[in-house]
Each structure stands twice: as C-alpha cells, then as structure tokens.
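Down below is the structure, laid out as structure tokens.
Going by the order they are written in, the chains are A, B and C; count residues from 1 in each one.
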Amino acid sequence: MGTVFSFDIRAPGVSAHALQGVVDWLHRMDAMFSTYRPDSEISLLDRGGLELGECSPEVHEVLELCEQASRDSGGYFTARLPGGLDPSGMVKGWAVERASIMLQAAGSTAHAVNGGGDIQLLGKPQAGRPWTIGIADPFRRTALATTVAGTDMAVATSSTAERGQHIIDPTSGRPATALASITVTGRHLTTVDAYATAALAMGEKAKSWITGLSGVEAFAISATGERWQTPHFPTPGNPGN
Amino acid sequence: MVNMLRAQALPRADRVHGRIRRVRPAAVLWLVWAGAAAVLSLWWFDTPNVSGLGDWLTGAGRITGLLAGYAVVVLIALMSRIPALEHGVGTDRLSRWHAMGGRYAVGLTVAHGLLITWGYAVTSHTNFLHQGVVLVLSYPDVLTATVAGLLLLGVGIVSARAARARLRYETWFYLHFYTYLAVALAFSHQFSTGADFINNLPARILWSALYIAVGALLLWHRILTPLRQALRHRMRVAQVYAEGPGVVSIVISGRHLEELATEPGQFFRWRFLTKDSWWAANPFSLSAPAASNSVRITVKDLGEHSHQLRYLRAGTRVVAEGPYGAFTARLRRSRKVLLLGGGVGITPLRALFETLEGAPGEVLMMYRASSESDVLFRSELDSIAAARGTRVHYAVGPRRSGNANPLSARRLLAAVPDLAHRDVYLCGPPGMTAETIKGLRAAGIRPRQIHHESFEL
Amino acid sequence: MKRAIVTIAATIAGIVLLLGFKTHPMPETTSTGPVAASSPTAGASLQPSSGPTATGAPATGAPATGTTTLTGTTVETQYGPVQVQVTITGTKITDVTAIQVPSGNGRDQQINSYAIPQLTQEVLTAQSAHVDMVSGGTYTSEGYLTSLQSALDKIGIK
C-alpha cells in the first residue's frame, strides 16, 4: 500500500502485544492487497494466477464491498481500473477500520487510527472535547484548509495531489480534475474512504450526491481553490456524532 | 685526486647548529596511537546510539572514514623529512612504516566507501547501487571524494611490490603525487558530509589545524629548506671519475658546508639539475667525511637513473636535502666496532672508518666483494687502516654458501674472534645484509649490537 | 601476509567492539511502523497514560499570562533521540525549538535543515486549531517525513 500508519491511543490504552498484533495484521493485508507486489493475492487474481475461490476471505470481503460501493456511487467508484484490478480506493479505509475494531476488542475506548490520511476515530481524546482533525490544504503543504471534529467518526480525504492524478472518471476514462481534494466524514471508514474516492472522480456532481446520503458529509476544494461543504459537515462548532 | 679533500676535514666536535633533536621510534608510535584514539573518541562522543544493521554499517563506515582521514595525514607527516624523525627513527624505518601504513590507509578508504554506501542503502531501503549513485550525485563533495578514493586505490595497487618491479622509478614517483591530489580532493567531503564534523566547529578547527600543520611541515622541510640550503651552499659538480667497474665518485663543491653538520655515515638526497634528472632526489651516502667546501659521494650504476650520473658535467648545479640517516657514530654502544661492508655498501663505512675513535684494534673493517676489481677505495682504506694500526680484512670471491661463505657465523668468528663484544655496522645489498644478519645472530651477536641501514622500501 | 591478516582482524574486532558499546536495546515506544516498506516512526502516545508524552503540561493548564518554557522528555526514535522545547505565552504555544534531533549521519543533517523550520511552522499552524491528527496531505512515505502528520507524530503535542 505504501502507506504510513499513525496510532493515537488514549486511556485506558492497549497492551503492546495487542498493538503489535494489529500491526502484524496490517502487514499481512499489505502483502495480500498490494498492487505493487506481483505475488500479492490481488495481483495474482488479476493476472489469472489465482481463482477467486482460492483467495483469502479478506479478499472476498473487500471485493464485495467494492461492488457495493460501485453500485452506491453509480459506477464512480470501481475496483476495475484500466490498469487492472485495483481495490486500493477501498482497502486503506477498510484496513484502518478493521484495525480500529481490533483495538476496541483489545480494550481501547478512545483512539484515532490514521492510515495515509484516512482516519477512524473512537471515543474522546480527553474528557470534555471531541477529536479534532485537521484537513491538509492541497495547495500549501504546511497549512490546514479546515478542521473537523467528532467522536466515533471516520474521516477520509481524497486528493489529486496524492499520487498525481490517479483517480479516473469512468464516464470519460480520463483523470478527474475538477476537485483538488474532497474530505468525506461518516461513521465507518470503509464506506467513507470509498465514497471519497468516488466523489473525487465525480467532481462537481459529488456535492449533490453526498448531500443525498444520510450519515455522510463532505468538504471539498476545487482545482481553482473554491471551497464548498455539505450542510451538516462536522466542524468544531458543530461536531459529528 | 682524493687528497684535495683532506685539506679541510671537518672537526667532529664542531656543530654550528647545536644539538640535532631526534625522537625515539617508540615515542612516535605512541603519538600516532594516541592520535588515533583521540580521533575515535570524536566518533564516540558524537554517537548516542547504534541499533540495527543500517546503523552498524554506517557506524563502521564513519569509523573507517575517520581513521582513513587520520592515517593519510600521519603518512604524509612521516615522509615530510622532519630531521627529528629522520635522525631518530631512521629513513629506512620511516619508509617501511609508510609502506605498511599506506596499504592500511587504502584499505580503510575502500572499506569506508563501501560501508557507508551499504549502511545508507539499508536505512533507506534501497539497493546498494542506487544508494551509491545517489551519494555520488547528490551529496556535497562526494563525487570528488570518490575520485580521490579511486586515485588512492590506484596508487596503492601500483605501489604494490609486484607492480613496482615492472615500473620505471619515474612512473612510480609521479604516481605518488596523485596521493597529494587525492588527499586534497577528499578533504572537503569530510566536513560537508561527515557526521562528526558537520555540526562540530571545534572538531573542524582541530582537524584543519592538523592538516595545515602537516602541510606546513611538508612545505618547510621538503621544499623551502632545500631551497634555502641550495642558495646558501651553492653546490655544484666539481669532478666525476670512475672509482671501479660501474661505480663513479662525484665530488661536489660548495660553500659553508660545515653548517650542514653532517656526521659520517649520513646521506643526502641529491638533486642534479639537468634536464632529465632534476625531478628526482636520490639518496647517496657521503663516501668521505665532509669538508667545509666539498663533499664526495660514490654511486653504483644500478638503474636508469644512477646510470646517467656518470655523464654529469662539471658545473652542474646540485640541490642537496639533508643530512639524513641514523647510521652514525651515535649508534655505538661499545668501544669495539666491526665495520662490515659489501659491494657499494662500503661507501658510508669508508667515512666511518676514517672518523670513528678507537685505539688500534678497536675499530676493524671487513669488506666483502665479488672480485678484486669490485673493491672500492682500496688505497684509501689501506692507508686509513695503517694509520689506525690495523688491516682491512678483504673477503673477495663469488658467492658461496655454507662454511665457504665468508659471512657465515663460523668464518666471521674465525676472522674476528671477539665478535661477540663488538658493535657491527653493516651496509650492503639487501640479500647480503639479510644473510649476514643471520650469520651474526648465529654467532651470538644480539640484535641491538647490529646497526644497519637498508633502503628496500 | 600474516601481519596483514592480523591487522585486518584487529581492525574489524576494534570496530565491532566500539559499535557494540553503543548498541542499547530500544525503548518500547516505537513499534508501530508503517505497513509498507517505509521507515518513519509512528505516533508517540502509546503509553496507557493520559496523553502524548512530550509536553510538560497541557496548554490549558498554563498560566493565563506570562511566558513559560517547557522541555519535553526525550523520545527515542529509530533515528535517534528527539526532544522539543515549547514556549507558551498565555495559553498559546508561541515557539517550538528542537533541542535534540537525530543527527547521526549526513542525511539526518540534510533532512533536519529543511524539516526543523517546517516542523516549527507546522506545529504552530496545527496547534492554533488544536488538531489531533491530519487527514490528507500525507502523500507517500517520503512525503510523510515532511508532512504535518509527521510533525504531530514526532512531538505528540497539540
């Protein structure tokens, strides 16, 4: 995945052993899903080296979720890219959410897990205030565009600056260019991550699409620098969940 | 032709420059080791922690780098012709140290380059080749340092004995200039990329001071002092004549030569200013005690260079660096001395024979030569011997082994029964010297009684 | 030849000894590395205690007026120790100084030369909004090093 993961675990915390377990699991998922590794299950599946029936249950789960997201987004999210099978737009968020669930099972009641900018939150960092997440400004690396606050919330940001312009608009077949970045919030990162990818591909149509979804909000910066957000976007004055 | 030299023989007690300082070899070695420890302590105090393969490799790379940078400056210092070193340690021993140390320094340099590249590659999870390219192309001064390292390696390979046997002396000589170039090229990367210097101004100051000091010593002793001496003494070739088959004596005139305070047994490095030979400074011992207005050297035709000397014209300017050499009366421990010479090695012994103090029988000379015509200075030696109330023992004849070898333990003892009580001054071709030492040891002579000077590098 | 072998062996032994003396086991703070093959350390607050490790006191606990300087504990990272000093005026952080940063090799120096000023800038930017984490802008693992999230992870202060 080529991703950097950050963990911020508050009291009561988890044992180092449990945390190591989560990290190990993430490494296994990387081995399974990385499109940069020719021996990952995803790569083999794509090239026909593996049948779907021979793949791990996680691969099944992710691919199924991708199909669902594709239906939800009218095809704007898809794992079937021109270059081959690539569920990366979903895998990161899914993995982070799973990691968060594992930490919860290990006893954590307050943590934030950040995988390459996609964040799953649980509980509160301190009594009396929610988690506050800064959204990076796609044009100025050291600045924040805005902040979002919440508990038990997921935040995912998709931007064209991330890896060049890799998000393809399926209707035109060319890279999506209308939005510089879009941040989607919701309850579950798996969904939110996929929706952020879809929204970036949609461009300006994303606003009405997200507004129409319940439990999901968005904030976006267009390629020309204008900003918009959906009505209930969880700013610090109006935190989510 | 010899008598013109007798006119103004130097009184030995006369020293215009006062005592010549000399350092003991052990002291020099201690100083070098102490310096190395100080250099390593720089790394020690700079390094809080080392963990993981990448850190270990990089750490080893930094240590070898520091030691290499230190080693080269020590090596240059050893060859700066500092009189205290030359007289105390001896030119031949300095050359041997330089040769051994040179190989070590080249090894350290190569190890440093490889370890750093590998260490960086491990820490940044790239492969060795890619990391190497990144280092050379984007780190400050690493490109020049790499060139320097390759130069040094090249000089090292060429200097290796096998290679040198096939090389002209001239080529090998020029090649060593590249080491100076290499040191200069590599210097800047130490400060701009070296972890122990980047943020450490005092360290940079001290390191620079070290290099500058050695550079100054080099400049003073190898360039400025000979120039000064050349201007002061104005040496010129006075006469060249054959001393024996393939051997010539060269008389050199000059002024104020007593200021050089040359002791019998010492040598100079002679630079004859002709078109072809000006660049080389070859060591030849004085074959007679120095006078205040002339000196004499005796040279055997051993190679391209010494062969040219027979054609020197009178009036040719000469620059002499020195005097150097520890092969003098100072080494003497006992009243009884045996001067043992072979071939052209008789040259410094001839000077010592004339000047070493001793009652009749205390200073003896033995001369090994392959044939009668190879015996040099016969009349001079005989008249000196007569004046001393003794005779020269000539052992003339082709090489023999076993008991027929005049330099075997048994024959030596037969010729000189009280050999065990004598200091032996030994000078000759390398093979003869080595063999003779074996014979002397077998005859019961202890190593500290044997004094020899050999120029094998 | 024998002398050469002895010299080489002695040199290697000496270097190994020197390095060995400097090898300490790493403290438990940093086991959560990234999933892929990239190098940086992850979040600082793994202890089951109340908050991130570095600052001496949370901003709300500082006096309402006047300037206080707090020095954080040294955090051992994979590259070496990191220690930060924070100047608080009123209830705002007004300056951040990196007292100790990994400087074990030339690369750290190069990174530090542009990362440290950036760190200061980023912290001041992030702290004005009291941000716990940053979404987006994390880019690749190389980009992480100079990102806002990296700044937050390294010093773990709000």
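Note that contacts are C-beta pairs under 8 Å (C-beta built on N, C-alpha and C of every residue); 3 or more make two chains touch, one makes a residue touch a chain.
As the structure is a computational prediction, the values presented were derived from the model and not from experiment.
Peer 1: Which chain is the middle one, judged by CA centres?
Peer 2: Here the chain at the core of the arrangement is C.
Peer 1: Please find the two chains that have the most C-beta pairs touching each other.
Peer 2: Ranked by contacting C-beta pairs, first place goes to A-C.
Peer 1: From the C-alpha centre of subunit A to that of subunit C, how far is it in Å?
Peer 2: For subunit A versus subunit C, the centre distance works out to 27 Å.
Peer 1: Between subunit A and subunit B, what distance separates the C-alpha centroids? Give it in angstrom.
Peer 2: A distance of 74 Å separates the two centres.
Peer 1: Counting only Cα atoms for the centres, state how far subunit B is from subunit C in Å.
Peer 2: Whole-Å distance between the two chain centres: 54.
Peer 1: Two-or-more-chain contact residues of subunit C, please, as numbers and ranges.
Peer 2: 38
Peer 1: Residues touching two or more other chains, restricted to subunit A: which are they?
Peer 2: none
Peer 1: In their complex, what parts of subunit B are in touch with subunit C?
Peer 2: Per the stated touch rule, the residues are 40, 43-44, 47-52, 55-56, 58-60, 62-64, 100, 103-104, 107-108, 120, 123-125, 139, 193-195, 198-199.
Peer 1: If we count contacts the way the header does, which residues on subunit C are in touch with subunit B in the complex?
Peer 2: Interface residues on subunit C, with respect to subunit B: 3-4, 7-8, 11, 15, 18-19, 22-26, 37-39, 76, 78, 80-81, 103-109.
Peer 1: List the residues on subunit C that touch subunit A in their complex, please.
Peer 2: 28, 31-36, 38, 40, 42-43, 45-52, 118, 121-122, 125-126, 129-141, 144, 146-149, 152-153
Peer 1: Which part of subunit A faces subunit C closely enough to touch in the complex?
Peer 2: 1-14, 16, 19-20, 22-23, 26-27, 29-30, 34, 95, 112, 114-119, 125-126, 131-138, 141-144, 147-148, 155-159, 161-163, 181, 183, 236
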